[in-house]
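Letters are used for the chains, namely A, B, C, D, E and F, taken in the order the chains are written, and counting of residues starts over at 1 for each.
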Amino acid sequence: MGSLLVVSAHAGDFVWRAAGAIALATSRGDRAKVLCLTYGERGESAKAWREGRTLEEIKELRRVEASAAAEVLGAEIEFLDAGDYPLLETPELVDRIARVYREVEPAVVLTHPTEDPYNQDHPAAARMALHARVLAQAAGYDAPGEPLGAPPVFFFEPHQPEQCGFRPDVLLDITPVFDAKRKAMECLPAQQHMWEYYTDLARRRGVQLRRNAGPNLGLPHTTMGEAYMRLYPQVTGTLS
Amino acid sequence: MGSLLVVSAHAGDFVWRAAGAIALATSRGDRAKVLCLTYGERGESAKAWREGRTLEEIKELRRVEASAAAEVLGAEIEFLDAGDYPLLETPELVDRIARVYREVEPAVVLTHPTEDPYNQDHPAAARMALHARVLAQAAGYDAPGEPLGAPPVFFFEPHQPEQCGFRPDVLLDITPVFDAKRKAMECLPAQQHMWEYYTDLARRRGVQLRRNAGPNLGLPHTTMGEAYMRLYPQVTGTLS
Amino acid sequence: MGSLLVVSAHAGDFVWRAAGAIALATSRGDRAKVLCLTYGERGESAKAWREGRTLEEIKELRRVEASAAAEVLGAEIEFLDAGDYPLLETPELVDRIARVYREVEPAVVLTHPTEDPYNQDHPAAARMALHARVLAQAAGYDAPGEPLGAPPVFFFEPHQPEQCGFRPDVLLDITPVFDAKRKAMECLPAQQHMWEYYTDLARRRGVQLRRNAGPNLGLPHTTMGEAYMRLYPQVTGTLS
Amino acid sequence: MGSLLVVSAHAGDFVWRAAGAIALATSRGDRAKVLCLTYGERGESAKAWREGRTLEEIKELRRVEASAAAEVLGAEIEFLDAGDYPLLETPELVDRIARVYREVEPAVVLTHPTEDPYNQDHPAAARMALHARVLAQAAGYDAPGEPLGAPPVFFFEPHQPEQCGFRPDVLLDITPVFDAKRKAMECLPAQQHMWEYYTDLARRRGVQLRRNAGPNLGLPHTTMGEAYMRLYPQVTGTLS
Amino acid sequence: MGSLLVVSAHAGDFVWRAAGAIALATSRGDRAKVLCLTYGERGESAKAWREGRTLEEIKELRRVEASAAAEVLGAEIEFLDAGDYPLLETPELVDRIARVYREVEPAVVLTHPTEDPYNQDHPAAARMALHARVLAQAAGYDAPGEPLGAPPVFFFEPHQPEQCGFRPDVLLDITPVFDAKRKAMECLPAQQHMWEYYTDLARRRGVQLRRNAGPNLGLPHTTMGEAYMRLYPQVTGTLS
Amino acid sequence: MGSLLVVSAHAGDFVWRAAGAIALATSRGDRAKVLCLTYGERGESAKAWREGRTLEEIKELRRVEASAAAEVLGAEIEFLDAGDYPLLETPELVDRIARVYREVEPAVVLTHPTEDPYNQDHPAAARMALHARVLAQAAGYDAPGEPLGAPPVFFFEPHQPEQCGFRPDVLLDITPVFDAKRKAMECLPAQQHMWEYYTDLARRRGVQLRRNAGPNLGLPHTTMGEAYMRLYPQVTGTLS
């Protein structure tokens, strides 16, 4: 299939929202790379702050945990340490992301939706991921590597989907790799209440997946799913 | 893949809007069935009326032409002769369509979008096609055959897409069968000005298809396309 | 300019919502015809019911008042007496409206918006007005007269515009005829509280009209306006 | 507070989607009435059909189960037996519902959202519930009782919310009555897999409820919720 | 109830759009604080510029007038003097606003809608108000005070609501404090034409408020209202 | 009519998208000015980069070609050379555009739509064009010239309209000047494949224009069109 690139705002996002897609890719033998723009050190580490950790300790903690999760999924991971809460959009950061596109040459891109009233870092990451993708496509863009093709972009599911204009376009069957997703989640002990929450969500998306697939496909009751939204039209030679 | 069912309001709709998808299906060896709810005898036969033909002559003319187009595409065709302009929504007509679903057991369904301010027959046909599909799924629905699965539904492109809320979700590559589509269009001589119009449109959708696919796929400059919109989320085991 | 046709659900709607456009048309010497599908005898005559009038008395009252308002505006008026609350959509009623289109050959059509959670008769009237317009365009439609052209359709402003998806596309300057509108409103004594309300609204739309026109046009502070929404794109030879 | 009226298409809908709101009302001492337009005998009784039951047996089964669930919740229940799959919209049925409004004089109304591509009976029920409410408001509507006020309408959550345009406007805390909701669900043994599904959903909506309420309110981790969507603006004397 | 925080772009916005909500809060004994990001010295002081005032004079004039209006309403007021037309979004300004959140600990937040094609300062202020609110919630955000809860956010009504995607979710009854709102408006003599305009609007929103409340509530004909739009779902224990 | 101002991101945009409107203006004797924020040197010059040209050579090439096209259309052209891919939004650039508004005093403004997932420079240009227009309206804005009026803004058609939320509001008849548009396109030899593409599009918009105008207007089969979208409501004294 080609490489998978995941651009996420904070260190943990890729686990809750896209670990299934990542594990499916690596289980097929494809390269998967996770690009974390920040460690989520301020905005998503409430427990550590309450415990009195320093900024550097928290970054290190998040780095270690997210790296372990990536390893479980068979994915590479890179941290740009751009600073969160707020994650500032700068031309320099967009350029760094564009260079990653040129290096990875992804066949598929995953990122946050562009709307999220609960967390402005998520749309900021998404806007930069989308901007960098278009820059990397231009022959005249001054960065190493060949002009990028037009990899499809999928938005992964936010925490409160309906408040973010998130309407699933794609239900991905992650049943074969759900165990890996669960193990990756368990690499993030500070958010233990999320393990059950995102297992429930996978089950719920699985129920919808079976309903949309119809009984003919014979999917089991234990089907687990992840929901995605396409930014661009699907290109295909067959309707299905 | 399984069968393809196309539900269209008038006799000619399936040619301009979905002949590519039909020819792709039959060229793969799949069954394709076109269900025309009416002949389009009042609303889409202005030339024949101006020539002074009778209602019955016009129906026969449309039947012959549409049948020839279906034959070129390798598809079956059935006419329900429900009367157009207006096409009335009745429980009886919905039931007849539901029985066709039960008989054909389609793997894929094509119909009009549910919004069209230029032609109320089109949304009426779409609403009945969607309603009948859900009825045919119910074990308790009193009609021959097995309960239907959950075949995906694709809306084909209306004449003025932007005024109908039509935003392409899927760009279908119909290059291998475009010659068949052109031949099918030429079976409808009363609308000769449409041949060029829909050839242009296929070329335009082909340009967009190449742009969304990216240069990597190596699609030729002569790529031809048809645009579709999904009603339900795509179910898949792979993001691409 | 050609004729103006106004299709309204109840007897009073055309006064509050479109009297300015009507008076502008007739003051230019154009024909204007108001088609009231019902008298609004059940849904918009609360005062008369509380006074113990009979159904027939109420219809007559509404007929007389609306006719007086039409006369003030220089417009013809016709009542189809189709029964309100609920106004039922039937093929026969749509056909009657289509015949009016064929007779009037309007250059411009006004009706209700297609969404109104406070009054289902309004969207029902609008749907029938739109359906009949398309039927009347067809050469094969069996009704006297020539096939209709494609007159533009404008939705007039509902009572609670934001709840009806009403976003003004057109601000019409009715300053020269506002006195006639006020006089027409005063023909409806049962709804006296509406006189001030719709005078205020005209002033408010006038303020917006001046703001959107810019100071260059030199519109006076006393500008009065009516808001409309287009169903179809404007066709023009000049952008302005 | 006044009475609660729930209008649902099939016998089980009120349990999965609104049992919490119902139990909160009755636990406050308010009257709650559930109006089931059909038994869901064809569309939502697949198991019974597979077991070879007759139509009448299935209706009876559904009647008994739904009545038991209503009793657990302390609510009245009435079945109109209008026939499902398809549930046909008729003036007579709308009139029957309008008469229920006049009798119950609800302070709050619950029904389905008006969009559901998986089940056309749900929007049909909603359209009739909304239409009947407006008819019952008219002084001139010919039915016993006083003209209805303007009770707010809330849409309860459909099975696939994002595909139905369902964006929660209100998160209702049902923690105090969740046990009753669970017991009511357990009155419907044919859909046992739904018990866990809708318990999970209540937990998920509870998590969102806590997040939107903020930590200040001190809601417990065990908070359970139901999501609703308003049709009309909230009227209030205090922003909160 | 807790404190009310109003974040507005220019010095006068809070008066026209939210004076009723502010006066209701202070009349209940709650603290209300108005945060004006700018004086509106360039964009909303046309009269003063035409009179030849200097920039500093205009700022002072606006400061005095807005302070008087706040005093009438019983509210505190603070000016950040960030410069208008354009109001630039900077991390520093967002941080200053976040610190105000931490200090005020609002129970409710009011600001502009995020869309306004007539005035880019309004959405800029809204984006910063929303961003700062989320930052202030984070335990790791480096500012004095405790992490903020999750106060609900209401958008107040813009000058041309339909062009700003403004659809009222909440109609607030400001009848008891309308006199105070009128007095506050009269503190802004340069925009005297707005006094009547916003009195009319309050009357219009009052009419809609009564219509949505229904006759049962017995609201008087003199009801005055303000319209708001919620950003987040309402959290409640009772549907009403 | 007054002057026409076209604000475009790159050197070629005005030709493909708005040459018809420009030629109509100049053929009426009106001034038309094209403001190109960049040369499109990086993002829209793939062929030149593949041929090994330097940045300066490419800029010069684009400048010469676009100037030739403008001359064919009878329009002035100015290049701000702000740098593309990415086109950065800065207060300084917005100020430069505001000063052009003050100098040109346009009666009509054309620019890109504000949404384009294929090219972030286009929305960036549009946002700056809209922002500058509002700044130039303010009496207090510190730039030479008189405060601007409120010229209407039209968005011209993007390459993939449906993906950019582009719904045509206005269909402009460019038949009388299409030859000039074709000649202007032929001034851009590097994009020769676009000549036919945009000729096809003009024909397609012409077909829609005739359909929306109706047969009464007697427009010829050779009608050519351009599509536009209005940002603000139309202000008029006549509905048509």
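The rule we apply is simple: contacts are C-beta pairs under 8 Å (C-beta built on N, C-alpha and C of every residue); 3 or more make two chains touch, one makes a residue touch a chain.
What you see is a predicted model; the values in this text were computed from it and never measured.
S.K.: Keeping to the contact definition above, tell me which chains border both chain E and chain F.
M.R.: Shared contacts of chain E and chain F: A, C.
S.K.: Could you work out how many touching-chain steps separate chain B from chain D at minimum?
M.R.: 1
S.K.: Given that chain C and chain D are copies of one sequence and touch, is their interface built from the same residue numbers on both sides (over half shared) or different ones?
M.R.: different
S.K.: Could you work out which pair in A-D, B-D or A-B copies the interface of E-F, where over half of the contact pairs coincide by residue number?
M.R.: Equivalent contacts to E-F are found in B-D.
S.K.: Can you give the rotation angle that fits chain B onto its twin chain C by Cα atoms, in degrees and rounded to the nearest 5?
M.R.: The two chains, chain B and chain C, differ by a rotation of 120 degrees.
S.K.: At what distance in angstrom does the C-alpha mean of chain F lie from that of chain D?
M.R.: Each chain reduced to its C-alpha mean, chain D and chain F end up 52 Å apart.
S.K.: In angstrom, rounded to a whole number, how far apart do the mean CA points of chain C and chain F lie?
M.R.: So the centroids are 37 Å from each other.
S.K.: Can you list every residue of chain A that touches 2 or more other chains, as numbers and ranges?
M.R.: 118, 147, 163, 168, 208, 211, 232-233
S.K.: Chain pairs in touch?
M.R.: Final set of chain pairs in contact is A-B, A-D, A-E, A-F, B-C, B-D, B-F, C-D, C-E, C-F, D-E, E-F.
S.K.: Any idea which chain C residues touch chain B in the complex?
M.R.: Residues in contact with chain B: 91, 94, 130-131, 134-135, 138-142, 147, 231-233.
S.K.: Inside the complex, what are the residues of chain A that reach chain D?
M.R.: Per the touch definition, chain A meets chain D at residues 118, 159-163, 166-168, 193, 197, 200-201, 203-204, 207-208, 211, 221.
S.K.: Help me check something: in the complex, which residues belonging to chain A touch chain B?
M.R.: 1, 4, 21, 24, 28, 107-108, 110, 147-152, 154, 168-173, 208-209, 211-217, 227-228, 230, 232-240
S.K.: State the interface residues of chain D toward chain B in the complex, per the touch definition above.
M.R.: Contact set of chain D toward chain B: 41-43, 45-46, 48-50, 55, 58, 85-86, 88, 117-120, 163.
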